[in-house]
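Next come two complexes, and both contain chain A; in the first it sits with chain B, in the second with chain C.
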Partner chain A sequence: MTQKVLKRITNAMDSDKKLGYLLIFPSLLVILGVMLYPFLYSLNMSFSKMDFANRTMNYIGLDNYIRMFKDSYFINSLRLTGYFTIVTVIAEISLGIAIALVLNQKFKFRGFVRGIMILPWALPSVVNAIMWKWIYNPNYGALNALLTQMHIIGEYRDWLGEPSSALHAMIFANVWKETPYVVLLVLAALSNISGDLYESAKIDGANAWQAFWKVTLPIVKPVIVVLAIMKSIWAIQTFELPYILTGGGPGGGTELLSFYIYKATFKFLDFGMGASMAYMITLVTFVLSLLYIKFLSKDGEIV
Partner chain B sequence: MKRSINFKQVLVYFLAFLIVLYVMAPYCWLVLSSLSTKADLLTTPLKWIPPHITFDNYKAILFGGNDSTSDAGSQFISALKNSFIISIVVTALALFLGILAAYALARLNFRGRKPAILTVLLVQMIPPIALIVPLYIIMSKASLMNNKYSLIIIYLSFVLPFVIWIMKSYLANIPAEIEEAARIDGCSKLRAFLTIILPISLSGLAATTIFAFIMSWNEFFYALNFTTTLASKTLPVVITEFSSKHGADYIMTSTGGVIASLPPVLLAFFFQRYILSGLTNGAVKG
Partner chain C sequence: MLAKKFTLSIVLVIFVCLIVSGCGDSSSSNKGSGSSNEKQKITVLLPKHEMDNVGFMEKETRQFEKETGIQVELINMSWDNVADKITVEMASNANSYDVIELDNSWVAKFATNKWITPLNEFIGSEIKEGVLPGLLDKFSYNGDLYGIPWNNDTRFFMYNKKKLDAAGISEPPKTWDELKEQSKILMDKGLVKYGFIDSLMQAQSGMNELTFMTYSFGGNYIDGSGQVNLTNNAPLIKAYEYLRKGLNEDKFIDPASITSNYETVADVFLKGDTAFFLQAWPGLYQTANDPDKSKIVGEIAVAPYSPGVDESSSTVLTLPEAMAIPQSSKNKEAAWKYIEYMSSKKFDKKKAQEIGALPIWTDLFNDSELLAVYPYWKDFGKQSLKAKGLQDILWYDQFSNVVQVESIKILLGKNSIEDGFKAIESNVAQFSK
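Then we have the complex of A and B:
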């Protein structure tokens, strides 16, 4: 009897269908419960006026969305986030390719130099933010000390005290942390290029610059496209830097979208508009994700 | 001709030196700050090599020092514990559940497989800010606020899809013949997976484990909003408080920052090979 039952279970476990459902069920439960349900809940919130104290939600249609586009702070943070994203992604990718090209050359200690690339990647973003906050410190910061000792600036400056320099200081801190990831992936792609290709390009009379455009770039292009999409998704969601480095200031000059939504939700307790703004970010990241999926599935079966 | 080769070599070394400087200098400064005395650090002009190296800051933050830091010290230790507990539990749970799901999605053929894969990919893109208020409501209804469990459950929601995604790409690369050979010998599918496939995907497993740990360890946004007491505050939250609440004590913040960065940084250094393969597998191949 027991043997029969066991056998039936074993048989069931050997059918692709039953085993498949059995194995994905626990994971799906977690993902649906902790992500999809809250995700739909906040969609509902974005169409409602919410009273947290009385736990009521009244449907108000598109009001939150209309209010959001009339909110000048939201428009400001949208503009800043767009600028932040475009500049960081372009800087990370071009700097990343440049560093990867150097590290693709043969030299002593190459393994070591490649090895340290992992450091900024592994560093917690919080530590990255406090580290740069200390470096940018107006009175004792290393940046001020370095630039005065090199006679580039005459006196110490408050780098985070003025909107434009604060935003660019924040961009620099982000580029520092995110570039090595680009370096590592581009290096991996470069290692797939055989030396023969360069040889034949040389024979055809191409100089190093032409060889880069004609041989290197086409081969690393797929990696770069994927990186550009992923990096944009992450950059749009940047939260630690404005929260820790600048507090969104001065004068809202570094108030990136994630941080402004956080403020609207937890400081102004405007849950409805917080949700509708969060959905704006989600929409953008989803469009980027679909591009990503489309790009990945072009060559070979991914999904 | 020989001259130009030499020139190229010199240029490569020079650029490599600049790269090392660019990557290492900010972090080295953080480490040096944590080893400095306050007096040395706050002098102008600043000395780049601190005249006095001290481990007092580490002693103070880990074992409690004078009155001004003992409060910070006790917070730090409990946050360190919380961070370790949460990261280890999340990693273990995510690996256990994720590997099984990854196997199903990579090797089994069943209806709903493709939508499931798509879901796993897309939920990773949902910004946490879109989930935070509903999660807040759910967690307070379940009386899990200020509790390590709430963070464990929430972290699982983003670590798990990641683990599934990356393990799936590893498992899909293993030739089907290996599994079939085991099946002919009379193994069940699950057993063939556990005894044959899993052991040969050990490098993928190592990479995934490290990624999962680092993701949980470094997380800040949820921790910030779901923890208000020592019972559940994690390191990123406490360090952020150091840099704002405690009169911006930069030495303590640096010291805390260095300690918090050590587990992920050391893991990344020691298991670099796996991480590289993981990055290329998970990010580019999909």
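Then we have the complex of A and C:
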């Protein structure tokens, strides 16, 4: 009996194609279970209202999506997330390229400096947020002490006490942590550029600035495009900084989208609207990725 | 080739068998294990008591196990983590826990959603008559009791007596005007940086402080019909004016209040940079006298009152926490035994003696043994008479969020009080219907 079953399975695997399907079947089951099912379940949730007392989900059509756009706090978080994303991505990539160009030069202790450079990125996000919370502390923070001793400010300030300064303080904390990753990837790309290219450019009369624009940048461009996409997605999903550093305050001035979704879902128990907002993030991320690719690459292709 | 395929097919068959057996009904493997001799096991999820630095709850839980034979898995986390875990647990109707934290602001929501078990059939007359009535009321909804308090977290007005003496101030302020005057005297004499710092950060601690301020100015965000009514609400306008001027014009309130939580406020007070702690938790008195944690050892005192517009509006905030049994628990009897043990008068007294936690039993406030150890509890008792809890409404979390966000805009001067109040009303209107 067992032999017959095994023979049948062996026969079924006669072609490589069939064998391939059979082998990926278990992985497919897992993927369907942990990705597709929750994806569809939350999509259903975004069109429903949860009734906790009766344990039911009532279909309400697009009501959650309509409510979402009427919610001034959601619109505010969307605006803040957009600003946060644009500023952090531009700052991180510009700074990252500049630092990478410096670290690509030959100088004493270069290896050591490169090693130190990566440290902020190696810090867990939560630790980074807690660390900056202490640095910005209005009464005993290191930033106030430093700036006062350098006579840049006259008295201690509450850096997180104003919506605008809090948002920028949060952006700074994010840029500090995320820039090394850009440095790392750009350095890797720079190390692949042959010195002959720069020599040819020099013979053709190009100065350092022109060599950067005409030789370096086109070669590292694919890496920059990938970085811009990845960084945008990560920035849109930023959660730990508002959660730990500011609590979304003051006055909702740092309430980024991910944090507001968490509040709507788990604090207000509005699972329907939470799901619809999460789909909004997915959509925005998708559209942004397409835009970046179109804008930064020639003929719509990254090569 | 055939041998390779044969091996692969065997691996595949084993894999499928494993999946099928894993997905099978696990109860079948436990058949026969449900005998009466088996130890009952319950899982308890509670935040750590802020004064329990000696593992008191853990030790007593093990004692409970010895006495009853019921095995207990005690999970302690920060309040925020516990809140998140319980919300997900309740919403998904899972049954991981048998005893859970019930915060005073959750009662309406948890009871309406039928997430927790009414305890009416469990409690005896001793608890009904002996536990502080205000505490039991806080955990009752529509006539049913849902939680037994385990943490009488009432806040008290404390001050730095040594600094007041040095400034020639004979008694702590009774009114908000006196608080401002005394703060300015202390600041002018260089004894403090600010009169006080408040925890107004955009978080529940900020909402607690705003609620306390509005109560002690004789107001409330919620009117008698359970609606948010701020238009022409004179006491509320006065409370916000006082805070706004204190932060920006008179500058006797530390501007860092906008981003401070309870820990920050305690830190500043314990360093001696402020003189007043408006709503200190009971354990702060002991912390302030611990030389490892405080620079004001032997300097603080508890006032027999809390500041108000006048004596009638003087208020302290009570934020008690209770233990409740989820509807989904399969071990309700054992869970109740744990709650009963952990809230008994004997246990409550021991807890007060060992970690200084405030009792939940009325009698214990006059217990001579406890008063000998904690003489300042007499003043706690006087302030307790004016204790009030948070608003008991079904949409409390949304309401709290709106008040936190819009109030900071008012206090920072980004919005006028009138416009800010309108923003609170309009934002609250969408879910309070």
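The rule we apply is simple: the second predicted complex is superposed on the first by the 254 of 303 C-alpha atoms of A that agree within 3 Å, B and C clash if a C-alpha of one lies under 4 Å from a C-alpha of the other, contacts with A are read in each partner's own complex, and residues count from 1 in each chain.
As a working rule, contacts are C-beta pairs under 8 Å (C-beta built on N, C-alpha and C of every residue); 3 or more make two chains touch, one makes a residue touch a chain.
Just so we're clear, the structure is a prediction, and the values are computed from it rather than from any experiment.
In the superposition on chain A, A:K4 contacts neither chain B nor chain C. In the superposition on chain A, contact of A:F271 is made with both chain B and chain C.
Set side by side, chain B and chain C differ in how many residues of chain A they touch, and the one touching more is B.
In the superposition on chain A, contact of A:A53 is made with chain C only, not with chain B. Using the contact criterion defined above for the overlaid structures, shared-chain residue A:L160 touches chain C, although it does not reach chain B.
In the superposed pair of complexes, A:P26 makes contact with chain B and with chain C alike.
In the superposition on chain A, A:H151 contacts neither chain B nor chain C.
Of the two partner chains placed around the shared chain by superposition, chain C is the only one that A:S72 touches, whereas chain B remains out of contact. Shared-chain residue A:G251: touches chain C; no touch with chain B. By the document's definition of touching, of the two partners only chain B reaches A:I135; chain C does not. Contacts of chain A with chain B, set against its contacts with chain C after fitting on chain A, overlap at residues 10, 13, 19, 23, 26, 137, 139-140, 266, 271. Per the touch definition, chain C reaches chain A in the complex via residues 2, 5-6, 8-10, 12-13, 15-16, 19, 84, 87-88, 90-91, 93, 109, 112-115, 201-203, 206, 254-256, 258-260, 264, 267-268, 273, 397-398, 401, 404-406, 408-409, 412, 414, 427, 430-431. Per the touch definition, chain B reaches chain A in the complex via residues 9, 12-13, 15-16, 19-20, 22-24, 26-27, 29-30, 33, 41-42, 44-46, 97-98, 100-101, 103-105, 108-114, 116-123, 125-135, 137-138, 153-154, 156-158, 160-161, 164, 188-190, 214, 217-218, 220-221, 224-225, 235-236, 239-240, 242-244, 250, 253-254, 257-258, 260-261, 264-265, 267-269, 272, 275-276, 279-280, 283-286.
Residues 10, 13-14, 16-17, 19-21, 23-24, 26-28, 30-31, 34-39, 41-42, 45, 99, 102-103, 105, 107, 109-110, 113, 115-127, 130-135, 137, 139-140, 142, 145, 148-149, 156, 176, 180-181, 184-185, 188-189, 222-223, 226-227, 230, 233, 236-237, 239-240, 243-244, 258, 261-262, 265-266, 271, 274-275, 278-279, 281-282, 285-286, 288-289, 293, 296-297, 302-303 of chain A are the ones that touch chain B when the two sit in their complex.
Interface residues of chain A, counted against chain C in their complex, comprise 6, 9-10, 13, 19, 22-23, 26, 29, 50, 52-53, 55, 67, 70-73, 137-140, 158, 160-163, 166, 246-252, 255, 263, 266-269, 271.
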